[in-house]
Structures are given as structure tokens and as C-alpha cells.
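See the structures that follow.
Paired with subunit B in one complex and with subunit C in the other, subunit A is shared by the two complexes that follow.
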Partner chain A sequence: MKILCNGVERTLAPQTKLVDLLHDLGLEPDTVVAECDGVILRREAYDTHLLTDGSVLELIRFVGGG
Partner chain B sequence: MLWVNERPQPFDAGMRLANLIAAVKPEADLFIVNGFPVVADTELRDGDHCWLIKRGEIPSSDEIDYLLHARHTPGVHARVRQASVGIMGLGGLGSAVALALARIGVGRMLLADFDLVEPTNLNRQHYFVDQIGMAKTDALRETIARVNPHLQIETVNERLTAKAIGRLFGAVDVLVECFDDAVMKAEALRVALTDLKGIGYVGASGVAGFGENNAIRTSRIAAKVYLVGDGESAAAPGQGLMAPRVGIAAHQQANQAVRILLGED
Partner chain C sequence: MLTIAGREFRSRLFGGTGKFASAEVMRDALAASGTEMVTVALRRVDLADPADDIMRVLDRERYLLLPNTSGARDAGEAIRLAHLARAAGGTPWLKLEVTPDPRTLLPDPVETLKATEELVKDGFIVLPYMNADPILALRLQDVGAAAVMPLGSPIGTNQGIVTAFQVRIIIEQARVPVVVDAGLGAPSHAALAMEMGADAVLVNTAIAVSGDPVRMARAFAMAVAAGRDAYEAGLGEARDNASASSPETGLDFLR
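Take a look at the complex of A and B:
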């Protein structure tokens, strides 16, 4: 299946969870804000949220320091 | 017309500063005309800007209001004076944001941090050696009062959670995220985009080191929601946080907060 992640098309295995994609991208899930198809996901949902064909995902990754 | 301590006063030909001092502020002991110190026996000209100062005196709330009103674009001060801003985290970003907003007279601020002032903070945070060991909330409140003692400053001295953020900052006009911890930064933005939707928000990510100035950018995430930083430069061994670059980001945050307050989204 294909999704759009931050404007870039990606091909993923069916039944891919958001948390798996984040790990594949080398991102620590706790430091990422995710919007999937216009909905801001709660952190607890990352571990179970299944991405579907055509999902439009926006990710914002934070780095420490302030 | 003369301007005396920023307020208009009628001008009469031949007027000397001493006449003005006697009429407006007899206790003054320092006189400045058009930016230069002068003696009382100075002839005034139409349009002169005069400051009559009593050394050591703290200006009244009205006087500071007049000063800020005169310094800022018309209409700006009235709106800024009524504004309420929350700042989460009072480190290199938060302490600088708070002071920038205090200087322009933002009327109400809610400042949150759980930490104490440590010597290692002084390379970038607006604290002083005599404040080491104080709660950052108390130290910053003290410093803000030295800039403008008439602002309403509330403090929260606790480690924030997503739940607490939603509870504490629901009534501010703009919330500025100045956390150090990336996990809390993400948590706070999630709250801003859900429970606090509609409130202005300015976060930060990627402010460490001494990378290019112009890599620090302000990006719009959603209506009234912005992020400042290069998005990449994490605080890490070999890439510390330093006053100059953290300051660039902090002042972008502060200016963005002002822009939101003034309706420039």
C-alpha cells in the first residue's frame, strides 16, 4: 500500500502500524507529533494505529534543547 | 508643544527648563533634553523632548504606560497591555522570551518551571550569580520586576504534564513552549492542537550549537500555531546550548507571540 508522509509517497507493507513506520524512519515516537488524515493522534494510539492505503500522514519531530 | 516625560505640554517662547521643572516635577534632579543631559538653566525650543528624572525613583504604572504607548506604534500598547501569555520552561528560550515580552509591556504572564538556577545556566539563561539556588520562577519574576514592576506575573513551580498544560493555560492568548526536553515539546504541541485548539502557540525545536543564523526559521503549523528553530540541532555533547543562537530562536518566538497577539497570523 502507499501513503503520503510529509508530502512524500511511501510504499508500506499492509497492516503497518504508525509506531513501526516511526521506528523505520529512525524516529523516537515520544518526540513525534503525528497527524493522520487530518486527526492529531494521541501518543497512546501510535502503538495500535494501522496506516491504510492512501493515508495522508504529517509528522513533526522534535529535538531537545531550550 | 513640548514632550515632558512623554506627555504633551504647552510651549511658550522664551521658556527655560527651570520653569518646566518647577511646574511639572520640582523634585527632579536629572534633566535630559532630546537625549542629552542638560542643566536647569537651558532655553527650550518648540518640539523638545524632555525627561525630568528623580534618581532612584520607580516610575508609576501610568508613566510606564505612557512611555510604552509613545514608543510603540499607536494601538499596539493597548492590545499588548491587555494580553496574557503563558511560557512553559524558563531556560535559555523561556527566560529570554519572558524578558522580551516584559520589556514591551505584555500585561499578564504565567511562567512555569520546576527547576532551580544553577551555575551552568548562566551561559545562556537570563539569571545572575546572586540568583543561583533560587527557583527559576522566583528569580525571573524578580528580574521582570526590575524591568517593569507593574506587570501581573503568575508562576507555577511544578513539572508540567500534558494534563497540567491543558488545565493551566486554557485562558492565555498565546502559549510559548520553551521546554528543554523533546518529549515534552511533542506532548505540548499535541495538547495545543487538540485540547487548547484556538489558543496561539509558539514552540521551538533545533536551537543548539553555533550553526547558521538563518537556519533558525519560524514555520506555521496550523492557524495561530508556529514552530521556531532549524528542526535539527539537538542539544548534545559537542553541540551545547549557547546564548547567541538560543537567543535568536527565543526572539523569533517572542516576536511571533506578539504577531499573534496583534492579529497577524
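Take a look at the complex of A and C:
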């Protein structure tokens, strides 16, 4: 299946959980906020949330700013 | 002591975290500034550099995070960023920025007011970045802004308080704290804002891009404290004619 992650298309195995994708990307789950199809996911949901074909995922974090 | 939304701050200098050469320089400069509240922005994770995370050097015990909505061009985008910020930081504190024009980065007053009203209703502690418009400051406090943040001059311009006339009126009228934000390029600019009676100032660029950010942070901290002391002590009024400092009597022996 295909998803759009931070604007880039990625091919994932079916039934991929968000937490697995984060680990594949080298991201510590506690350091990012995930918005999937416009809905912000609670941190507790990362471990069980199943990504689906066509999902639009945004991974966001704090950066330096004024 | 400065109080915003029930929280007390010993330092009246708020720090930004943008534009520093490295996370370590930022950490040391913030420590030298004595600040207790720091702004951060929200952006997409850089998937090419997943370990690049500013939060690894920011001590949450020491600093209250003030996420901003920089990059938002209207109320809708700002509100979306606000919710992401609350999820990311676990904090309702928010520096609301709505800047549709990348050339001036001037805040949109209509969208800022609209977003402030909605976010306050949703439980956010909103500190809106605003043009130095005294009427708008009243409107923002009426809809529940926890403080107002009028600009001294546009973001990153280092021009100081070119809006002094309006900032004075805002300070005179405000029932919420006034934080002069943006454009303060030198410690003297920050001291002036504090002498005028501002409750606090927010400084980022002037410290971050200085040749020695740690030393500049210390300079700003001293300037803010000096300006506040001067304000509380009470400044003398400016006058047109001289007023002798030495006695005018006792000079009979000269003539």
C-alpha cells in the first residue's frame, strides 16, 4: 500500500502500524506529533494505529523559532 | 514579579530558539539570559535527519515552552498549528502568529483576533503577536488574550521600537501584561521598552546571530533588569530648559 508521509509517497507493507513506520524512519515516537488524515493522534495510539492505503501522514516536531 | 495567566516569572526576558548556530550555543545563551519562557516553532520532521531534535537540549523543568504558530497565513492555519503544538508540548501556552506577507511578516489583525477568540474558548493561553495598535490590543484582551505582544519593529529587523508612540498607549491602557516582541536589536532597545513600562520583552534574532550569543544574552538580561528598575524607581520628566544640579546659592564670593 502507499501513503503520503510528509509530502513524500512511501510504499508500506499492509497492516503497518504507525509505531513501526516511526522506528523504520529512525524516529523516537515521543519526539514527534502525528497527524493522520487531518486528525492528531494521541501518543498512546501510536502503538496500535494502523496506516491504511492512501493515508496522508504528517510528522511534526518542535524546531527553533522566535 | 511578572504574572501571566496565574504563572509567575522572575525574568522579564523571554527567549527565542531560532537562528542559533547550534543547539549547544542556544542552550548556553538561554541559560545566560536567565529566561524562564522560550518560544519554539513547529515544522515537519526532517526525515533525512531524524535525530535533529531541539527538545534534547531544552530543559522543560527550567523553561516554560511557548510554541508559536509561525508560518500560519490565516486563522485556520494558526488554529491547526496550535492544536499540534498542544499535542507536541502538552501545554496550552501559545504565541499566536498570523503573518500572511512573507516580506514584512506583519501580523494580520483580523485573523489574529478571530484565532485568539476561538483558541481561548478552546482552553489555550494565548499571547498574540500583534501590530502596535492600541485598539486591537483592547479587542484582544476583551476576547481573553493572556497578554499582548506588540511589535517594536518587524521580525528580525533589529530596528528597535519604531512604534514607541503606540506602544506607550497600549501599556497605558492594558489590563493584561504587555510583552514587546520583535525587532529589538540591541540591549538598549530592550531597556527602553522596559523603561516605558512594558512587562517583558521577547528577544531572539539579536541574541542568536550575535558574534557571542552567550555574552549578548547576558547583556540583554542586564538591560531588561536595568530598564525595569528604572521604570519602578520612576524616571524624571524630560524638560526644555536646564535645571541646575548644583546649588544656585552660595556663589556670593565670586562676584
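Keep in mind that, in the parts below, the second predicted complex is superposed on the first by the 60 of 66 C-alpha atoms of A that agree within 3 Å, B and C clash if a C-alpha of one lies under 4 Å from a C-alpha of the other, contacts with A are read in each partner's own complex, and residues count from 1 in each chain.
Keep this in mind: a contact is a pair of C-beta atoms (placed from the backbone, for glycine too) under 8 Å apart; a residue touches a chain by one contact, two chains touch by 3 or more.
Bear in mind the structure is a predicted one, so any value in this text is a computation, not a measurement.
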item: Partner chain in contact with A:Pro14 - subunit B first, subunit C second, else both or neither; value: neither
item: Partner chain in contact with A:Val32 - subunit B first, subunit C second, else both or neither; value: both
item: First, second, both or neither for A:Asn6, with subunit B first and subunit C second; value: second
item: Which superposed partner A:Ile40 touches (first subunit B, second subunit C, both, neither); value: both
item: In the superposition, subunit B vs subunit C on subunit A residues touched; value: C
item: Touching partner for A:Arg61 - first (subunit B), second (subunit C), both, neither; value: both
item: Subunit A positions touched by subunit B in one structure and by subunit C in the second; value: 28, 31-33, 35, 40, 42, 60-66
item: Touch list for subunit C against partner subunit A, complex; value: 16-20, 26, 39-45, 47, 50-51, 53-55, 65, 67-68, 70, 83-84, 87-89, 155-156, 182, 202, 204-205
item: In the complex with subunit B, residue positions of subunit A that touch it; value: 28, 30-33, 35, 40, 42-43, 60-66
item: Of subunit A, residues touching subunit C in the complex; value: 5-8, 25-28, 31-33, 35, 40, 42, 58-66
item: Interface residues, subunit B side, partner subunit A - complex; value: 89, 91-94, 178-183, 185-187, 189-190, 193-194, 203-208, 221, 227, 229, 231-236, 241, 246
